[in-house]
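In order of appearance the chains are A, B, C and D, and numbering begins at 1 in each one.
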Amino acid sequence: MSTNRRRMRVASVVAGIGIVAVLAAGCARGGGSPNSTEDGGAAEASPGITDDSITLGITTPLSGPTAGPGTCTVAGITAYFGAKNADGGVEFGDGKTRTVEIEALDDEYDPQKAKANYDQLKSSVFAMTAGLGTPTNRAWREAAIADEVPQALIMTGDPIFSDAEESPWQLGFVPIYQNEGQAFGELLAGSGEEHTVAILSQNDDYGEGYVEGFKAGIEGADNIEIVKELTYEATDTSVDAQLTELAGSGADVFFNAMSITPLVISSLQKTQELGWLPSWFLPSNTSSPTAILEPGGAAAFPGVYTVAFAQSAAAPTFAESEDGAAFLAGLKEYANYPDPPAFPHCVWSYQVGATLEQVFAKMTEPTRADFMEQLRTISGYTAPLMLEGSTVDTTVDGQPAVSTVQVQKYNGKGYAPAESWDQ
Amino acid sequence: MPSTAEFWSRPWVRWAGIGLIVVLMIVGPLILPEFANQTIARIGVFAVAVLGLNVVMGYTGQVSLGQIFFVGVGAYATAYGVNAGWNIVLVFVLACVVPAVLGLLVALAAARLGGLAIAMVTIALPIVGVPLAKRLSDFTGGSQGTSARFSDAPEWTGLYDDQWQLYLVFLIGGITFLLTRNLVRGKYGRAFAIVKGNEAVAASMGVSPYRYKVLAFTIASLIGGVSGFLYMVVIQYTSPETLHFGHSIELLASMVIGGAGSIIGSLLGGAWYVLLPQITNLIDPNITAMLQGAILLVVLFILPGGLVSLPRLWRRRGRGSVAGPGGGPVGGAMQADAAASVPGSSTVGDALGAPQTQSPPPPPTTQS
Amino acid sequence: MGTFIQLVIDGLSTGSIYAALALAIVLVNQATGLINFAQGGMAVLSAYIAWALNGFGVPIVLAILGAIVVSFFLGALIERYLIRRFERGDPDTAVVVTIGLLTFITGLCAWIWTYNNRLFPSLFPLQTIQLGGAVISVRSLGTIVVIVVIMLLLQALFLGTKLGLALRAVAINPASAAFSGINVGRSLMVGWGLAAVLGAVAGVLVAPQLTLTPGMMDGALVYALAACILGGLSSPIGVVVAAWLIGVLENLAAVYIPFIGHDLKIAVPFILIFVVLIVRPQGLFGRKAVVRV
Amino acid sequence: MTLLELADVRAFYGRVQVLEGVSLSVPDGGAVGILGANGAGKTTTLRAVSGTVRSTGTIRFDGKDLHGLRPDQVAALGIAHVPEGRGTLSDLTVRENLRVGAYRRKDAKAIRADVDYCLDLFPQLKDRIRSNGSALSGGEQQMLAIARAIMARPRLLLLDEASLGLAPSTAKAVYQAIGRLRTESGIAMVVVEQNANLAFTLVDSATVLETGRNALTGSTAELKGMDEIRRAYLGG
C-alpha cells in the first residue's frame, strides 16, 4: 500500500466528517435549543416558533415518479400561507400574529430519505405536515411519536395515521381509502339492481384500501357480484392486458382504484376501443374532468362516478369562482406553479393550510402539545374549495380530518352529486 | 513531499493514525449533534452496501444491478426476526445468511452469463422483488412496510438513541470493512482481479472464473445483508420502496463516484449516496434531480477515477501520466466486445489524434 | 380465443413502445459502443420541445420536425462536449455518466415544464379497427408501422450504407477506423445525433399514449434494455422482435399462468433473457462474436 | 524523389519522451525498414507519422507537413497504417472490413476489383469473406489488416510488426504476399519489424533505433554485412 494513499485516507475521513459537521451545524443535542419566551409564566415554546413566525416542515417527493402529486402537496400550502403572509400573517390563539414559513425537502418517495429529512427538520420546524405517501410517512411515524413532533394533516389514506391510540402525534388529512371505496359500494348496493363488478386496483395499500372499503360497502348485498379482480403495478407502462381480461368478464360496473393519471386516461380510451362500456368508479385523485375524463373520452360511458370532497382545479368553472381564482393566483405567485394542476393534491394541500390556520387560531400556547390538542378540536369547518356537504372534522377518532365524502357523477363537463344510482 | 511520505510510513505514525481514528469513532458520537450522528450512521449503512457491490463489481468485474435487493432482504429479515421476538444475534445471523443464500442461488445461475446479460439478470432482482415483497405480506407487511424499533439505546448506557445506533454502525460496519479489506488483499482478492482482467486467462491459470464469480456474488449479497441489518438499526422501517431498482442504480453510481475497486472509495460512495440528496435539498429542494445530475456530471468530468482519485490528481501535477485506460466491468461489457479480441486495443483518443491537452486517464483501481 | 388474440395485439402495441426506445439505444451502441441510459430522458426532452413548439402555435407535424432537428444537434453536442471526455476512459464511468445525464435531463424537463401532466396531441385518429375477434386502435397500428419502418431503415443503414459501416467501425475500433480515413469525432457525433433523432421519434410516438411527464420513459427503459439484450444489440430487427415478444409473452403469462399474475409479469422478460442467453449468448438475432485470447 | 521525410522527430506520451530525434527518408516506391529492440521507439515513429502521438521535428509527406493533422486526415493524404495488433474490426465481416478500408474512395468498380485483388493476394481470406473479423486466426487477421490498408489505394504503407505472434511459416507467407504487392503496385513502405531476416526480404534500406535514436542506417546489403546486426537481429 502506498503511503500517499494512507495520507489520502486520513484526509478523506477528515473531509467527510467536516462535511457532516457543516451540514449538521445548528442542530443541537436533545431536539434543539428551546426558544425562551419573554413572559415567564407561559409554557416554554417548542422549536420552530417565535413571536412573529412559525416554521412548518414537509418531506414529500419533489422528484421521481410521484413528483407530480408531490410538488402539489408543497405548492398548495405554500400558496395559501404565501397569501396570508402577504397580508401580515396568521393570527394565533395567544393573540400574536405570525408569518408561516414552509420548509420542504425532497424525499424522492424513498422512506430512507424521508426519515433523513425528518431528522434534519425536526429540531428546526414546529410541525411536519402535508407530505405525500404511505411508506414515506410511515418511515418516521414512530420516530415522530418518540420525539413528540406533530405529523399533522399528511396526504395518505393509510388509516394508521388517524388512530389516536396508535398515532398520538399524527393525523391524516385526506379520507382513508376505505371510506371512498365504501361510499361507492353503498351507493351501488342501494340501487336495488343486479350488478356485476370488475375491479382493477393498484398493487399497494392504496388499491387494497379502496377494494377493502368497496367490499365492506357491498357486504350482504346480494344484488352485487364481483366477477373479476385484477391488480397493476404503479410502475406499469400499460394496463391494456388487464383491461382486455376484465372486458372479457362483461361486467357492467368497473371499479378502477388507480392513482396514476396517464394510466387512467389510457384506460378510458382502451376500454372504449375494446367496446366494453361499463359504469366507472374512479378515486378522488384521478377523476379530474378536464385533465383526465375529457382526454379519455369518458362521456362514452353510461356513468363515471367518483368520490370527492374538493373541487377540481381543472374544471372550467373553477377559475371563475372567487376561491378558485385566489387559489390559482396564489399558486402562480407564491408557489411557482403557473398553470392549473392536473392533480387534486394542490387543492388538498391548500385546504391543509386553511385547516392549520383554524388550529393556529385556537392555540393559546406556542407548544407542539397544545397544537396537537387543538388539532383534534376542529369540526364543521368548510375549508375553501370544499364541495358542499364536505367538512373538516378532526374530532372523530379513527378518521382523518376529512372523512365525509360525496359520491359524484360526471355529467359530461363536471361533476354533480349522485344521491342514488341512476343509469 | 518525500519527507512527508516517509513520515507517514513510520510504524508509530501508522498506529497513531489508526488510534486517532478509533478515538474519533469513540468520542465523535458523544460530542456531535444528533443530526450529524444520524447522517454518519446512514453513511455507514450505505457505505457497507457499496462495499458489497465493490466486491462483485469493482474487484471481480461482474456488473450487479441487484445489490439493493440484498439490502432489502437483509432489512426484511431483520424486521421479521425482531418482530417475532427472536434473539438479536440470531436475527443478525439470519440477516446475513438469508441474502447470502439467495445470492448464492442467483449466482449459480447468473454467473454462467457474462457482461450485459448478468446486468439484466441482476437488475431483475429488485424489479421483481418489489411486487414479490408486496405479495409476501405475511413476512413483509405488504406495501405498508414494517417497522422494528430494536435499536434504542439501552438504559444502562446512558446514551441517546442516535449515539447508540452510531456505535452499532461503527462496530458492525467497521468489522465488515476490515474483513472485506483482508479478503480483497489476500488470495481471493488476487483471484478476483484475475477473473476481472480476463476470464480465459484466469481459466488457463487454474482459477475457475465461474467459482470465483459465484463466490464474489455471494459475499456481496452477504455484505448487502449486513447493510440491510444496519438499515434497520438506523432507519428502523422498511417497505417495498426500499428495494426499488432505482436505488440499485444509485448505488452503482455511488460506487463509481467513490472509486471502483477501492475500500476508501466504498466509504466515499456511501457518503455520496447519503449526502448528495441532502446537499441538493439544501440548495433548492425543487430542482434536486437537475442538481444531482449536474453535480454527478461535474464530479466525474473532473475526476473520472472517482473521488478516491482526488489526491492522486493533485500528486500528478508535475508528473507525466502513462496512458492505459482499463476496461472496467459495466462499460467493458457494454462496449463493443472488440477490445477483448484485440491485444493492443485502441481508444477513441488514439483515433482523434495526438492528445494536445493532457487529460489523465482514470487510474487503475484494482487495489486500494 | 378472442381474449387471446386481443392480448397478443395489446402485447404488440405495448411492445412497440419498448421497441421505439430500444432502437435508439441500439443505434448509440452500434455507433459508439456505449449503452446510453439517458436515451429515454433525451426522448422526453425532444417530446417536450415538440409540445412547446406546438404551444407557440406551430402545427404539430412541423413542431415534431423541428424537435427532431433540434434533437440531432443536441445529441451531437452532448457527445462532443460531455461523452467524448469519457469515451477514451473507463467504460464504467461512461455508463454512470449517462445515468447522471438521465437524472439531469429529467430534472431539467421538470424545471422548465414542471411535473404537471401534459396532453400531447396524437398523430393518429382515435379510431379502432376490427381484426378477427379483436380490436386494434389506429394509434397502435400507426406506432407499429412507424417502428417497423424505422427498424428497416436502421437495418439498411447498418448493413447497406457507408455511413452505417463507418459508425460501426468507429465503435469497434476507433484507431483502425481513423487509419482508414474515417473522421472518428464526426462519426461519434453523427451517431449520437441520429440516435437522438430516433429518440425524438420514439418520444412523440408514445407521448400521446403515456401523457407527457418528465419521467414518461422511465418505465419503458428497463423493458427497452431487456429487449436490446434479448434481441442482440447488433440487430435492429432482433431488438424489435424481442420487444414485441416481451410485450406479448408478458401479457399471456399474466393472464394464463395464475402464479405469475399481473404483479409478477415483469419477471417474464428477465426469465426469457436468462433462458435465451444460456443457449445463445449473442441474443436472438445478434451475430456471434468469437472471442480469441 | 523523397516521399516521406522525417528529421529529428521527438515524440511524447504525456511528458515521457519516447523519441529523441529520429530521422528517416523513404523514396517514392521505396521500402525502408525500422529495426530495433522493444521500446526503442519503432512503433512510436509510425504513430508520429499517422498522427496518433504528439511530436516535434520534421515530418513531411510528399512535401506536406503532417503536424497537426488527425489520423483520418493523414490517411486521406494516402498513408495507410497497419497498426501493431492488427486493429481488426472484430464485429464486421471480412468483406465489411475491406469496405471500411475503401471508405474514402467513390470508384465502386475499382473497389470491387481491388477486393478481388486482395482476395487473390491472400487466398485464405476468400473462404472467410462472410466471417466476422473476430473469428479469424491471427495470421488471417494480419492479412485482413494489410488488405484493409491496400483497399485505400495508399501511396505509403506503414507496416507495424506484421510477423508478431505468427507461426514462422505464416509470417513468411505474409511477407511473401507483401513482397508481391510491392512489385505489382509499387507502393512505398515503412516496415517495422523485430525479425530482421523477414524485413530484409522486403526492404531496400533500414535504420536501427536504440532508445529513441537512429543508431545505424544503411542499405540492406550494408546492414547484413555488419557483425553487430548479425549478432543482434539475424541470429548469427
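The rule we apply is simple: a residue touches a chain if its C-beta (ideal position, glycine included) is under 8 Å from a C-beta of that chain, and two chains touch if they have at least 3 such contacts.
Since the structure is predicted, the reported quantities are computational estimates derived from the model, not experimental observations.
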Worksheet, complete the sentence: By C-beta contact count, A-B versus C-D, the higher one is A-B
Worksheet item: Of all chains present, which has the mean Cα position farthest from that of chain C?
Response: D
Discussion item. Using Cα averages as centroids, what's the distance between chain C and chain D in whole Å?
Written reply: 42
Worksheet item: Distance from the CA centroid of chain A to that of chain B, rounded to the nearest Å?
Response: 35
Item to complete: Please work out the Cα centroid separation of chain A and chain D, and write it as a whole number of Å.
Response: 72
Response to the item:
Whole-angstrom distance, CA centroid of chain B to CA centroid of chain D, is 47
Item to complete: Give me the residues of chain C that touch two or more other chains.
Response: 106-107, 110, 172-173, 175-178, 184-185, 214, 263, 266, 289-292
Fill in: Two or more partner chains touched - positions in chain B
131, 134, 286, 288-289, 336-338, 341-342, 345-346, 350-352
Discussion item. Multi-chain contacts only, two chains or more: what residues does chain D have there?
Written reply: 52, 70-72, 83, 87-91, 134
Worksheet, complete the sentence: Per the touch rule, the chain B residues reaching chain C in their complex are 109-110, 112-114, 116-117, 120-121, 123-124, 127-128, 131-132, 134-135, 198, 200-201, 204, 245, 249, 252-253, 256-257, 260, 286-294, 296-297, 300-301, 304-306, 325-332, 334-338, 340-342, 345-352, 359, 361-362
Item to complete: Please name which positions on chain A make contact with chain B in the complex.
Response: 1, 3-13, 16-17, 19-21, 23-24, 27-31, 62-64, 71, 104-106, 108-113, 115-117, 119-120, 123, 134-136, 138-143, 146, 158, 160, 203-206, 208, 233, 235, 336
Worksheet item: In the complex of these two chains, what residues of chain D are touching chain C?
Response: 50, 52, 70-72, 75-76, 80-83, 87-92, 96, 99-101, 103-104, 132, 134-135, 138, 145, 148-149, 151-152
Discussion item. Please output the residues of chain B touching chain A within their complex, sorted ascending.
Written reply: 4-6, 8-9, 14, 17, 21, 24, 28, 32-36, 38-40, 42-43, 130-131, 134, 142-145, 147, 149, 160-161, 231, 235-242, 244, 246-247, 264, 267-268, 271, 274-275, 277-282, 285-286, 288-289, 307-308, 310-312, 315, 367-368
Worksheet item: Touching chain D in the complex: which residues of chain C?
Response: 162, 165-166, 168-169, 172-173, 175-185, 234, 287-292
